[in-house]
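In structure tokens below, several structures.
One chain, chain A, links the two complexes that follow: it is found with chain B in the first and with chain C in the second.
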Partner chain A sequence: MVDMPAQNPQRIVLPPHRERARRPRIVRFREWARRNLFNSRAGTALTIITAAILALIVYGVVYFVFVDANWRVITENRWLLFAGGYPMDQEWRLWFSVMFVFLLIGLTYGTWASLGRRDHLFIVLASGFAILLLAHGGAAIWSTIWYLIAVGLLYAGYAIMIRMPRDASRGRTLQQRSVAGLLVAALPIVLIVLLAFGGARPRELEGFVLNLVLAPVGIAGGLIIAIPLALGRASRMRAISWTCTTYIEVVRGAPLLGWLFVALFILDDVIGGELIVRAMVVLAVFTAAYMAEYIRGALQALPHGQSEAAHAVGLNQFQSMQLIVMPQALRISIPPMVGQAISIWKDTTLVTVILPLRELKGNADSAIAQFEFTPDRIEAYVFVAVVFWVVAFIMSRISQRVEGSLGIGER
Partner chain B sequence: MTTETEATPTRDLESMDDIIIAENVDKWFGDFQALDNISMRIKEHEIVVVLGPSGSGKSTFIRCLNRLEEHDAGRIVIDGIEMNDDVRNLNAIRSEVGMVFQQFNLFPHLSVMNNITLGPRKVRRMPKLDADALAMQLLERVGIPEQAEKYPAQLSGGQQQRVAIARALAMQPKIMLFDEPTSALDPEMIKEVLDVMQELARSGMTMIVVTHEMGFAREVADRLIFFDEGSLVEEGTPQHFFENPQEDRTKLFLSQIL
Partner chain C sequence: MAIAAGNAPPPSSDVPLLYRRGVRRLLTQGIYVALTAVVIGYVYTSLDLREFGFGFLNEPAAFKVGNQWLTDVDGVTNSRITMYLVGVWSSLRAVLVAIALSTVIGVLIGVARLSSNWLVAQMAMLYVEIFRNTPLLVQVVLVYTILLIGAPLIENVVNVGDFFFISNRGMAMPWPVPDSGFWGTPDWFVGVWVAALIAIGVVAQRVRADRQGRERETGQPHYPNRWALGVFAVGAVVSFFALGAPVSIDEPVIVGTHYIEGMVMEPEFTALVAGLTLYTSAFIAEIVRGGIQALPRGQTEAANAVGLSAYQRLTLVILPQALRQIIPSVTNQYLNINKNSSLAYAVLYDDLFRVANIVQNKAGHALEMFFVIIVTYMLISFAISVVMNFFNARVTAQRI
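For the complex of A and B:
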């Protein structure tokens, strides 16, 4: 394609691809379009049809968001969607928890990953969405302040952690241990802040806050149950292995909705008490069955030489599991585990169907039940969907980065 | 029942005690007999090289010596400790027997330093500072002190295997088992590992080495043992083996690999 300017001896002849790269962007774009979009008659037709459909969709979305939609259903009901029945005078507890989580995200990034340009953009946008939309009662000035504090904390945590040396020194180990410990302790800390010492009663956890509490409890609880379950299933002792296999098969065999019915009607006699506790138990038990299978898969993928080497240096069975096998197996199983976590995050909405627990989607129902907002149900549900998507996306994004940086030393 | 056969050469090692005693050891994998009535005594400070075609049971035999495989019949005694189902005996034996694997089997999620210090700290309850000092000393002995903070995947094969040797030595074992330590290495890295092993041999370590490195066997070994189809076919000094092998199977094997 490149005409060789042989008559001009002063011009350096570049290889074809370099030659192409030297030409102005518009020319290159035109060529790219010709090659990829209009390379044949059928290709041209497809391009035009696709473009038309895309344009229609974009037009529809823009028109809905900026012209047609009545977002007052969201702005008027912000507190209802965010925290619902949570006592308004205890609001600081919610914000304290949110700030704590942002600080933790910063610490985690600073310890195990470094922020690239796309991460900065992502953080600013995602936290902006999370805070601005959920800040209470429309006081824009306060929302902005909260937003700035949250992002500031995130970056402060990141800045402190990223300065630690990245080699395998003692300080680094200590740093990783403390951040990991903080991550483990985060959930109990948040629950204590929300509920204890004159905080809300458990049944007053509502709206988005309820989703944010239920999902981590389900995920963390599931993981705690899943590890012994996976080991049990892989055990050579028949009774243990059968028990664990039965657990996994039975729990996976019925839909989560069914188990929530069980929580509502049957668990009353067993654990009784708060509905929210029953929902937490069901979520954890359900998640555990899936996670156990991912861990078992990872255990099988691990080379046998690892536990042999552990035994050869004198570690006993338990130490070999704890120090050599499990850390590697858990790392291998991060991707499917995150998938499961995102799935259980979205499944927290099911709670609203069965139990009189009012999470985000449930409170969105309440919002559109008000006479004034009955025509605005699409707005309400679109909002709920976007909120769920944003959180799921945050989870996926952070886990990708952490996974990447844990790859150090992978075989 | 003793197995001091006439093939056992006379050496100045004769005065030493037997540190490894194996008597009539059998090992089955399902229907396949991997070890058939193996008897052998190895003295302290002795360097034994085990030869044999693949599938001959040589690896299985040394894996029985720290119970990565359980023998089905016969008796194994390591430094006076009977190998049986008693966990305390097993732990005692494993902390006296170091092992180096063909595939290195370093722990990929731990730094070189932590790979080496793990055993001493968790099994011997050695304080971290002491363990670190020991690890540095061992890394210097195997010639790579500058790699201490790296992860196994960042090292070459030869360096990884040297770390694996240091890791085994960190438990201060009396016996070192080498299961084809150079077979997974690129040719240019074999020498650096053999050099370390040679140095170890000179220091008086009791070593059992499964290898195809005939140069090493000829130079370093006190005794060569030839396995075939699960049986111990022939044993003797390097001189005996390379100049005057008796059994046909030994001759055939040596003609194939020399």
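For the complex of A and C:
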């Protein structure tokens, strides 16, 4: 092929794969389809069957969404589903928190990763979904504006951070540290904004807002408990390792519903307080056991040479833990930890099952308990599923990008 | 700590007392034990333990437990612990069915995820992404709602030949029950038949091993699997009729608004199992995919080189190796199924957790009931782990 004389003297002959890439799009598509869809007789049959099933599913979904479903159960109960009993005159606190979190997401992306085409597409789609929901009937123009401002903040934070130098300079370190500090402080800040200084009482947290509060509290609290727990389990001091092992195994032995049962009936005597606080404690305690196992796995995966080298350069036990071992172990354990975080996010629905706390699914139950919406149960649950899916998808997406930029899992 | 293993203790003579490792450890553990004791003591004193005891479990239950299968225990005369055990049986049923289904579907989806067919791979990815990222509770409740709303009322039941019914009270189908046989054999001969089946299974296993041995020695095909299956089938049929066929088929009948007889799959059970299966199979699919991708490329290439077809490559080379590696992760998912089965509470399926809650509502004693719950879950988890570890030891012992 290379030896062939060029028919057009102007045209430069490229290596074969580049030549192939230069052919018209339709030819390339046909070749791609032959390779990936119709590569054999069985493959063709499989493609046709799958396409038929897909067409059926798409038809069913489209018919349900646009013809069969009555989405008024969602649009009429927007506030109930979103915040439920949260005092309506304090709405600005919710929007402030949303903006703050969106800004943080932008800053995080700008610092450790970059937004790909898919991310932009996803943001546009998710925003479209949110705006459709917010602006559908009723006087919700302001919430749409607040939401758009939040998305704008996301992009602004991203735009600022992505322009920062990416080398290992002092400025870069400062930037990373300040964003990390903001991330750590985010949860307390949001909680203060929501609850303190004339905000809502804890029991007024309801609906989607309750999920959004419970999950981070469970994750952050779990992480705080999990680190000493993992170190304790790996310890050579028997008393410590045995109690930590017992804790982990007992907590992992019962389902979360069982522990919420404890929060409802038993913890009342022990720590008292509001039910929602007890639920938070249980979530943190429960998550900690699982996270501790992931950290322990990471500690074991770390070569011994690391701590030995730390001792050789004269670091003491604590310094070696803090500077050498823990940073690496935590980095290794990020992927399973994110899995656990997503799992906790989904598990926040369980507080509805036996506790009298109404999170998104619980308030969807309240929505369809109204007489006019009783036929629309499927719509309500589908909506809840979609909302949870969107957030879980965002979480896994962010973690993938951050993992990629930290080089986790690469050798 | 364990991380800093291996450095020899310094000579003790010139080290101050407080800096010696043994002394330090003793001190640390002493302080730790004291703190733990304080916490436990606080919890202990704050709990109301005046009426602690398990006697309440022996009192009459006075509540109904639904969703029974093969049992018909009423709550009037039986004790609370009996009703709880009925709930445990309901849980076990759901867990076992969900484990079987999610394994099959999970492996299929996991393989489809890596299919060379683009459309199939994308569909499998869609499946995984949808069911992995939505809460199990919502899945279970959604399936339950669809079953209740979508299926016809029992008045307009879908009737297939008078033996299979579908309505919003569930599916009813014929089911074999013990009965007296041809020559007046009593109905407990079913038990004898099951025992005989186990014996025949052992014999079939022997035949298989023997055939495999001959195959290995001679290099000629001796069809071990077909032989074993044939021996088992012939033995099962012969022993069944030799014992007088002590079984009759129980066909479902609709009386009023209820099914009687036959096997009824209630919407609660179906919803719970469907939810557990959809959710867990998505996770198992990801595990299977990881296991296959972790295999060296050489395996695929070698299979191609010896001329195996795509199907042979998958079933003879790739899957046996991949499935061996993923057993620990899959076991974890089985344990999750066990724990997640407590979501039966949300669809009012009377599993162990729901029955325990009913008992707690009737009699109080939350702490004792929680002990009972956690011990039951741990025992079931332990049983699953033992079986899977046994299985794991077997498949990893033999080299391919």
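Please note the rule applied: the second predicted complex is superposed on the first by the 344 of 411 C-alpha atoms of A that agree within 3 Å, B and C clash if a C-alpha of one lies under 4 Å from a C-alpha of the other, contacts with A are read in each partner's own complex, and residues count from 1 in each chain.
Here is the rule we use: contacts are C-beta pairs under 8 Å (C-beta built on N, C-alpha and C of every residue); 3 or more make two chains touch, one makes a residue touch a chain.
Since the structure is predicted, the reported quantities are computational estimates derived from the model, not experimental observations.
Chemist: Is the number of chain A residues in contact higher for chain B or for chain C?
Modeler: Higher number of touched chain A residues: C.
Chemist: With both complexes superposed on chain A, which partner does A:P327 reach: first (chain B), second (chain C), both or neither?
Modeler: Touch status of A:P327: first partner only.
Chemist: After superposition on the shared chain, which partner residues are touched by A:H311: those of chain B (first), chain C (second), both, or neither?
Modeler: The answer is both, since A:H311 touches chain B and chain C.
Chemist: On the A-aligned overlay, A:I149 touches which partner chain: chain B = first, chain C = second, or both, or neither?
Modeler: After superposing on A, A:I149 lies clear of both chain B and chain C.
Chemist: In the superposed arrangement, which partner chain does A:Q319 touch: chain B (first), chain C (second), both, or neither?
Modeler: first
Chemist: Contact-wise, after the overlay, does A:A69 reach chain B, chain C, both or neither (first, second, both, neither)?
Modeler: So A:A69 meets neither chain B nor chain C here.
Chemist: Report for A:L115: first if it touches chain B alone, second if chain C alone, otherwise both or neither.
Modeler: In the superposition, A:L115 touches no partner, neither chain B nor chain C.
Chemist: Once the structures are superposed on A, label A:L183 by its partner contacts, choosing first (chain B), second (chain C), both or neither.
Modeler: In the superposition, A:L183 touches no partner, neither chain B nor chain C.
Chemist: Same chain A residues contacting chain B and chain C, which ones?
Modeler: Common interface on chain A, chain B vs chain C: 308, 311.
Chemist: Mind pulling up the chain B residues that touch chain A in the complex?
Modeler: 66, 68, 87, 91, 94-95, 97-99, 101, 103, 105-111, 113-114, 118-119, 122-124, 149-154, 164, 167-168, 170-171
Chemist: Going by the contact rule set out above, which residues of chain C touch chain A in the complex?
Modeler: 1-7, 25, 28-29, 32-33, 36, 42-43, 46-48, 116-120, 123, 129-130, 133-139, 141-142, 145-146, 149, 339-340, 342-343, 345-346, 353, 357, 360, 366-367, 370, 373-374, 377-378, 381
Chemist: Which of the residues in chain A come into contact with chain C in the complex?
Modeler: 36-37, 39, 43, 46-47, 50-51, 53-54, 231, 234-240, 243, 250, 253-258, 261-262, 265-266, 269-270, 299, 302, 304, 307-308, 311, 317, 320-321, 325, 342, 346-347, 349-350, 352-354, 361, 375, 377-378, 381-382, 384-385, 388-389, 392-393, 396
Chemist: Going by the contact rule set out above, which residues of chain A touch chain B in the complex?
Modeler: 167-169, 303, 305-306, 308-316, 319, 323-324, 327-328, 331, 408-411
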